[in-house]
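Two complexes, one shared chain (chain A), two partners (chain B, chain C).
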Partner chain A sequence: MAQIFPPWWNKLPIVAAIAGALGPTLAIAGVWYYFSPWYTDVGYRPVQPVPYSHKLHVGELGLDCRYCHASVEVSAVANVPPTRTCMNCHQVVKRDSALLAPIRDSAASGRPMRWIRVHKVPDYVYFAHNAHVAAGIGCVTCHGRIDEMETVTQMTPLSMSWCLDCHRNPGPYRRPVSEVTNMKWTPPRDVQAAQFDRPVNPPTDCSGCHR
Partner chain B sequence: MSTTSSRRGFLTTLAGAAAVLAPSRRASAEPPAVHRWGMVIDLDRCTGCQACAVACRAENNVPDAGPTNTSKGRSIFWMNLLTVSEGEYPVLRQQFFPAPCNHCEDPPCIKVCPVGATTRSSEGIIQQVPERCIGCRLCEVSCPYTRRYFNWSHPEWPEEEREHLNPDVTPRSHGVIEKCLFCHHRIRAAKTAAQADGRSLKDAELRKLPACAQSCPAEAIVFGDLNDPESEVRRLSESPRAFRLLEELGTRPKVFYLREAKWQE
Partner chain C sequence: MTARLPRRPASAKATAARRSFGEGGSFSRGGRVLGVLALASVVALSGCARGCTSSRPPIHLNPSMDNQPKVLPQTASTFFYDGASMRQPVPGTVPIGGLKEDTAFFTGKGADGQFVATIPVTVNEALLERGRQRYAIYCQPCHDARGDGKGILFQRGNVPTASFHQEKIQKYPDGQIFDVITNGTGLMSGYRWPIPPADRWAIIAYVRELERKRLASATGAAKAPADNPAGTK
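Showing the complex of A and B:
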């Protein structure tokens, strides 16, 4: 009569011990990496060719976001301004600053500045700034307090689950369209945010953002 | 008698209360799908010029297969112009037949996908996620209309065409399935524009929204919302000339064809 337990069953405790040790370790390592800023790039702060300070220009001088990022309301892309926009002021303000030399060169030669992109999503994600502005999603909701940043830093994970948190329940994240660029806006205590504007129906289908 | 009437009164009150409560509750949870996209193709108008197929190829970055792949039957068509011959030589009749994805209400391709790479959107479009696709081609086999195509090679374009790729559509890579998506990027753009203006989508702007419908010189292709009782596509889909392909399969396509003569498959 054949044995009920063949000889390889002797190895079972060792295999079970290795699997028992390896499984939780991998699970912890996975969460450690994929749920952390190493993966989501929160805190990414590249050094730009010119140390442009949003804290000075937006926070202290009070420039509106749309003075430079002019296409944000009409286009999917919130443009990086041409150096001509910088020169509107800087042909009179700080004309001789050494830090601004690349800007002056760029404006003179017509070659665009090589700014380093901070907020990146994969190429199969089609994010539209105009749709979000029209729906009353403030700049600060995704980009953080830009008016307090010396160097622009990525403040949010820009991951799909993070997008879907709002797409499934946009109410708490909305504000009146007139307050979109206001960095310090807080919802009034007595009014529901959803009542400010017409209702929105953000897509939760794959094809809403992916093509 | 009095018991009955009081019970009826109670039930009426209950029903009234439910009617008042129910819509508000549903509205706060999830609004119902407003749109159900569909297409009508008038075969009596189609002249077989293939403008729809060319426009689709340009709009959706569908690569040319090249001579080797074409000879193996591996070229990709999101919109293809098929021809059907009817009758024998003396009384021969040729029917041109534009064939996009049928966007079935009950599609077999979704059921067979092992990784959930193809799904039905809330507005009825059968969407494809190339990043999830593992290239098993079960959906290609399951589609009774053969409207799914596999990328047998890395997509390549001639040098002069590379500058003309549509930036709104990602080219699909080697080893995944692709298909017609009813130009959903155009639908999304139209919705964004409508939202910015604070209005709802108008049927007039939807009729020629997809590239195939826009390019059709005979205006044989009409696109629109089948849920909208006023829409052109709804009116045509209820025409006595309307039929759908392989209706006996129960896939309930949302692409309707119009033809005066009876269609024989």
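Showing the complex of A and C:
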């Protein structure tokens, strides 16, 4: 009769010990790395219906963010501009471009362009652009160097811990309100950032953002 | 100890492992462990590292009501006939606090239908500063920082753009400039949407200031070139 436990069962304890140590470690490391918004969300770069280049319009032509995103100072939403804003220039510039055909169609028909949203917080988060702009948080702080992006890409995780990093210590992230849309602003060395404008007291309680 | 793994086309790494750890299709135990580790690392690395770009929407492993079936600003709608979830006000209605009785302020025209000659708000330093900021955002792209009309459209498309320093525009009543900003003229579109009325008046105050400075420096330079022309304000 054959042995119930063949000799290689002698190695079971050490194999079990290694697997028991390695398995949870790998699982934790995997969750830490792959479940984080730094992995799942950062780098999202959807293909838009028209390949609008912020690098050209902001970086080279020098348009201010608010030329198109005009509601950012007065509304919770930083609007995507109506097609009419594109046509301010493109009724005369590049008016035959095939890439701009959807824009011309939208302007003629009145049907909105279906731009694909890049930056999105969960629907139970009530983020207000106007409050952040008024507190001197620059566009670049959350959106990255838009003026260098051919296609807009999400650069920050927009996660709760990332929000709280700043809400708990906003000083280093603030700038004068007049420099909010300046992509290249750097803090002067001799002044503490927190001294620029009125003091702010961002909420860190749940109802500050979830209501 | 012979290999119990079936022989099937293996990945490049596994093939390499076989070459180094045993000929004739047999794996040593170390070879197998290394092979598994190599496969695991290939799986881990062939996926994307943090921060690499993708055009596919983010997958949230715990959806957690991140996307709710509610209407958000500027979203599409399958309910309304025009496909937009945001609605226009019903024609003929006025929102609370939205009655525009002050025609001079909201249209640039007085009760007689003529353009008002001067800005119907108090012009002070704060208004000029506000006008300077708004001018830089909305006007400067085409009319350039000094108001000469040598902006992007002129440079790139050779599109004729009005200079504020021509006599015709200097003689415009302020209300007419308000009307141009609101409704546009010629190739210029109306800027009613991005610039609220108070800001339009601020911009007009700033444009008038630009004109005044240009005129003062021109006459000052003509009268007394040696007499500190930079100091004319």
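Rule of thumb we're sticking to: the second predicted complex is superposed on the first by the 174 of 211 C-alpha atoms of A that agree within 3 Å, B and C clash if a C-alpha of one lies under 4 Å from a C-alpha of the other, contacts with A are read in each partner's own complex, and residues count from 1 in each chain.
Criterion: a contact is a pair of C-beta atoms (placed from the backbone, for glycine too) under 8 Å apart; a residue touches a chain by one contact, two chains touch by 3 or more.
Treat the numbers as computed from the prediction; the structure is a model and nothing was measured.
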Superposed partners chain B and chain C on chain A - clash or fit: fit
First (chain B), second (chain C), both or neither touched by A:C206: first
Partner, of chain C and chain B, that touches more residues belonging to chain A: C
Partner chain(s) touched by A:Y124 [first = chain B, second = chain C, both, neither]: both
Which of chain B and chain C A:Y44 touches, first, second, both or neither: second
First (chain B), second (chain C), both or neither touched by A:K184: neither
A:A135 touches, of chain B and chain C: first, second, both or neither? first
Nearest Cα pair across chain B and chain C, whole Å: 7
Chain B and chain C contact sites that coincide on chain A, given as residue numbers: 123-124
Contact set on chain A toward chain B in their complex: 73, 123-124, 126, 128, 130-131, 134-135, 198-201, 203-208, 210-211
Touch list for chain C against partner chain A, complex: 47-48, 50-61, 64-68, 70, 72-74, 76, 82-84, 133, 136-138, 141-142, 152-153, 156-157, 159, 187-189, 193-195
Of all residues in chain A, those that touch chain C in their complex: 33-47, 61-64, 66-67, 70, 77, 79-80, 82, 84-85, 87-89, 91-93, 110-112, 114, 122-124, 153, 178
In the complex, chain B residues that touch chain A: 31, 34, 119, 121-123, 125, 127, 129-131, 168-170, 181, 184-185, 188, 191-192, 195-196, 198
